[in-house]
Amino acid sequence: MSRTRLWLFSAIAIAILSTAVLLVFYSKNTQSLARAQDTNNDFSRKNIVGGHTPGYSILETSGDVLDPVSVNVTIKDAVVDPMKYLREFNYGKVSKLPNGTTLREFTLVASDDKVKEISPGVFYNVWMYNGTVPGPTIRATEGDLVRINLINNGSKSHTIHTHGIHKAEMDGVFETVGPGGRFIYEFTAEPFGVFPYHCHMQPLEEHIVHGLYGVYIVDPKTPRPPADEMVMVMNGYDTDFDTENNFYTVNGIPYYYMHHPIQIGKNQLVRIYLVNMLEFDPINNFHLHANLYQLYRSGTSLVPHEYTDMVTMSQGERGILEFNYKFPGQYMFHAHKTEFAEKGWMGLFLVKDATPATGGPAYNSTTTANNMTANIVSQSQPVSQKRGGET
Amino acid sequence: MSRTRLWLFSAIAIAILSTAVLLVFYSKNTQSLARAQDTNNDFSRKNIVGGHTPGYSILETSGDVLDPVSVNVTIKDAVVDPMKYLREFNYGKVSKLPNGTTLREFTLVASDDKVKEISPGVFYNVWMYNGTVPGPTIRATEGDLVRINLINNGSKSHTIHTHGIHKAEMDGVFETVGPGGRFIYEFTAEPFGVFPYHCHMQPLEEHIVHGLYGVYIVDPKTPRPPADEMVMVMNGYDTDFDTENNFYTVNGIPYYYMHHPIQIGKNQLVRIYLVNMLEFDPINNFHLHANLYQLYRSGTSLVPHEYTDMVTMSQGERGILEFNYKFPGQYMFHAHKTEFAEKGWMGLFLVKDATPATGGPAYNSTTTANNMTANIVSQSQPVSQKRGGET
Amino acid sequence: MSRTRLWLFSAIAIAILSTAVLLVFYSKNTQSLARAQDTNNDFSRKNIVGGHTPGYSILETSGDVLDPVSVNVTIKDAVVDPMKYLREFNYGKVSKLPNGTTLREFTLVASDDKVKEISPGVFYNVWMYNGTVPGPTIRATEGDLVRINLINNGSKSHTIHTHGIHKAEMDGVFETVGPGGRFIYEFTAEPFGVFPYHCHMQPLEEHIVHGLYGVYIVDPKTPRPPADEMVMVMNGYDTDFDTENNFYTVNGIPYYYMHHPIQIGKNQLVRIYLVNMLEFDPINNFHLHANLYQLYRSGTSLVPHEYTDMVTMSQGERGILEFNYKFPGQYMFHAHKTEFAEKGWMGLFLVKDATPATGGPAYNSTTTANNMTANIVSQSQPVSQKRGGET
């Protein structure tokens, strides 16, 4: 089209320009309404985000982020209790095989029809193992026989793919477990380290981003030194289905540990089992404030790989972080990818002079809980299928 | 513009709204047609992608992905034979210099005018060394003199930039080799390790994403232990020129090793020389199923850096992976960046009880093929220029 | 809306189609003008980018990139002098405490109202410590007492968050320093390593992308071997505020070291303190040409972690790189993320046979400059507040 012709249409254009502005205005409003309806079922209000430093002004946001630092809203139907999850290690139902090997049995129930609150006022269809995102932390010692009973209570096929060494048929890839189905995974716990487990059904990104993952820890036969041990899973939620995350968290709820700082003791060795299960984004990272940690990549070594305050992980990567604080006070930990931090992936350690009431050596790796299977199942939905494989 | 004025135009807006919807509808259709014409020259059909697990339903896709797991279509004019490429190491034309040094001569012919099939039904203008993407794997021993004859059969300038230690004038950056030109690169092979080589002409992203890269291996003087050795290059193709990849592969063809699993022997040491040449995306990664590997970053150490099943690499990063499977069966390996896996970067190892017919010690690093130069050239297009620098 | 109704409006649509094209055309022109006014105050011309290899043709660009290789334009009001910054280590005003500890005092003045030239013809509102991006490099020895006087000359709140070990109240997170305010940070230099320091005010991404960061080096008590030491900070600028970077640099000015190669001596040990402060992009990386470097991740070890020519870092990651060139000549170093390189993150080492006039042992870590505090302050804007905490 020639420039001359274009200018002939300019008179018409002026009239249209005004209406175009109106259209944009109208469509924006429509979008906002649609979004509000998606994520916020019971009330319509402006979303605000506060500064993470006292005195910083409150700002309106796009609706993706609710900052519990300034706006402490209680979550009613949370996808997980992050404080409980933090230090809860499930050692399974323990028995001895005739050859002396320790058998640990776990039961994981997959569901995919629940809508839970992942951030105040934001409801999301989460797919879960045992009713939480992340699923329960499973823990064994190198050489144990691990048996995981998968019960699929969902309406889609699911599996459990565990990182670590095992037979092909125990890999949770080709052995589809349909709705109502079940499967018994059995393998020797090896090598020692920290591993993700997750559903491996296609489309993989949906099964992961909706929440079907958890942490599997294999302790070395000679246990690591006693410590205040905790699990941290880095994840995100794509609540508007555009293959970009709207929320980022550690342990399931954005900003949770900003509201509820993790209490640890001064000069107490802290050991974090850190796993990155973030979908869509190429990497995630973990920055510890005012301190450095010994980093054991993949947890497969007893000698640290690096002494740092920053580690970068792509999906499925993980490690063990060890540190202690020598001064009391509040310290942040968060993604150093600013976007992730600002959309929820940040938290606080509260270092106390005395040994904290929660945490501490009571949670270290030498403790064995023999009756965790029941606990796991009780967290989940009623199971209509009879479970197999339990002694 | 005031709100009052906006509402005055609202009557007109209603009329326009309808036509705007039509316009969007029309432009979408036009787009789809354009895409179909770009990537699919000879027939028009719906693209489908199957699940990677048996029984999973077939889905329509956007046209970017054809899954050879469910739809085994033979490629007629493939950019590479991934099974041949996997274990083919070119040791060059070997001779001895008066001082006892081993001289290895290679010839690489650059082209940029060929259209090859990168996935069933998808044709792409690939730029190649010796007629394949990736180009041939070049291999020498630390201390050898390496001589690479570059012949530019293309219509654009090209070079060979090899990672590793060498003189400035052998770096393939400032020494432009124009169409019809040639250049002789010469350097001592050092240090031992695994390295990419690639064209370094501007715009660099075009010369890389179109395929001008390959792997260069320098063995330590005392060879690594015998193993079933293979090369894996992670790459991608941007077939619609939007600086985002549409296909992801290991060794040139999406999903190839899903159809044609790589056969390895039980308890056989496998050694992968892994190089990431993916353009546009910030990182790539490699996950091995049901096993862990010893990771030698950059291949420059004889002691492994990490024992893991996940490594993250940005472009140009590489490493050596060593592992063996103790149970027979089929095992996946793939990017743990789900998008990459779902768009082609996945494959299978088939672990056999017996030593496999292909692979095995016959391919280990102690074998020297003396007459590879001829083989390399025979893979490529007819060379009109006389080659220089050969003895 | 039904298809039938859509076709009724098609007659109107044809008329609108023409004007819509006009609108797009008009709005594009408006955008271009707006951009030109933003980034280019004094003249209106076409932006061009030259090839980085001699003889390569000159291309028009989108306006984001001006290549000083082909178009050597002098910057009049640069955000930093990259050649001066490269080897300038500030050891502070030194005194001895009664207990024998060395006290090092530094003064950093934050500003946020200056517009500086970040690339020829491109002006950007930089937020700075002491008037430069990156801010001055601060250096101490393990065990020293470090005192940093922050003076906030800006119109927004700012802090200094230093990576490393210190008390909670010295972390620069919760202790907001308002406009006109000041704060004295004091901590023991530990552990040895290389660290970023940066403003930690919300919104964090703005305070970082605008330039409030620098490097803090802690030397081990037994110094590292003498070397030609230099600091490199990888950063970027988002000049059109779309949360994507338009320019990428090492040490503040795109392409600077392509024009002004860094002179180093043949066989001279070079030690780079490398820090990634790039905002928005998930990772950055550093490729050295024709050579490999020993990589000390985070600088916290005296034994290298890896021997390579490629390292990947997400924001806040850093390391020490050691290498020497044994052949004279010009060698590139750049991001192997092509986009970053092509938008400015590339440079040259010029290896000379003789020891270079600049650099060399005179800059090594054993040299102590006692009167750097004055220098630091003189670089910055006039300070209206009285500075405290100086002896």
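The first chain written gets the first letter, and so on, giving A, B and C; residue counts start at 1 in each chain.
We take it that a residue touches a chain if its C-beta (ideal position, glycine included) is under 8 Å from a C-beta of that chain, and two chains touch if they have at least 3 such contacts.
Predicted, not measured: the structure shown is a model, and the values here were computed from it.
**Student:** To lay chain B over its twin chain C by CA atoms, how big a turn is needed, in degrees to the nearest 5?
**Tutor:** 120
**Student:** Since chain A and chain B are copies that touch, just let me know if over half of their interface numbering is common to both, same, or not, different.
**Tutor:** different
**Student:** Suppose each chain is reduced to the average of its Cα coordinates; what separation in Å results between chain A and chain B?
**Tutor:** That gives a centre separation of 33 Å.
**Student:** Which positions in chain C are in touch with at least two other chains?
**Tutor:** As it turns out, chain C has residues touching two or more other chains at 16, 20, 282-283, 305, 312.
**Student:** Which residues of chain A touch chain C in the complex?
**Tutor:** 1, 5-6, 9-10, 12-13, 16-17, 20, 51-56, 281-283, 285, 287, 289-292, 305-310, 312, 326-332, 336-339, 341-342, 351
**Student:** Per the contact definition, I'd like the list of chain A residues that touch chain B in the complex.
**Tutor:** 15-16, 18-23, 25-26, 157, 161, 163-171, 173-174, 176, 191, 193, 200-205, 208, 243, 279-280, 282-283, 297-298, 300-301, 305, 312-318
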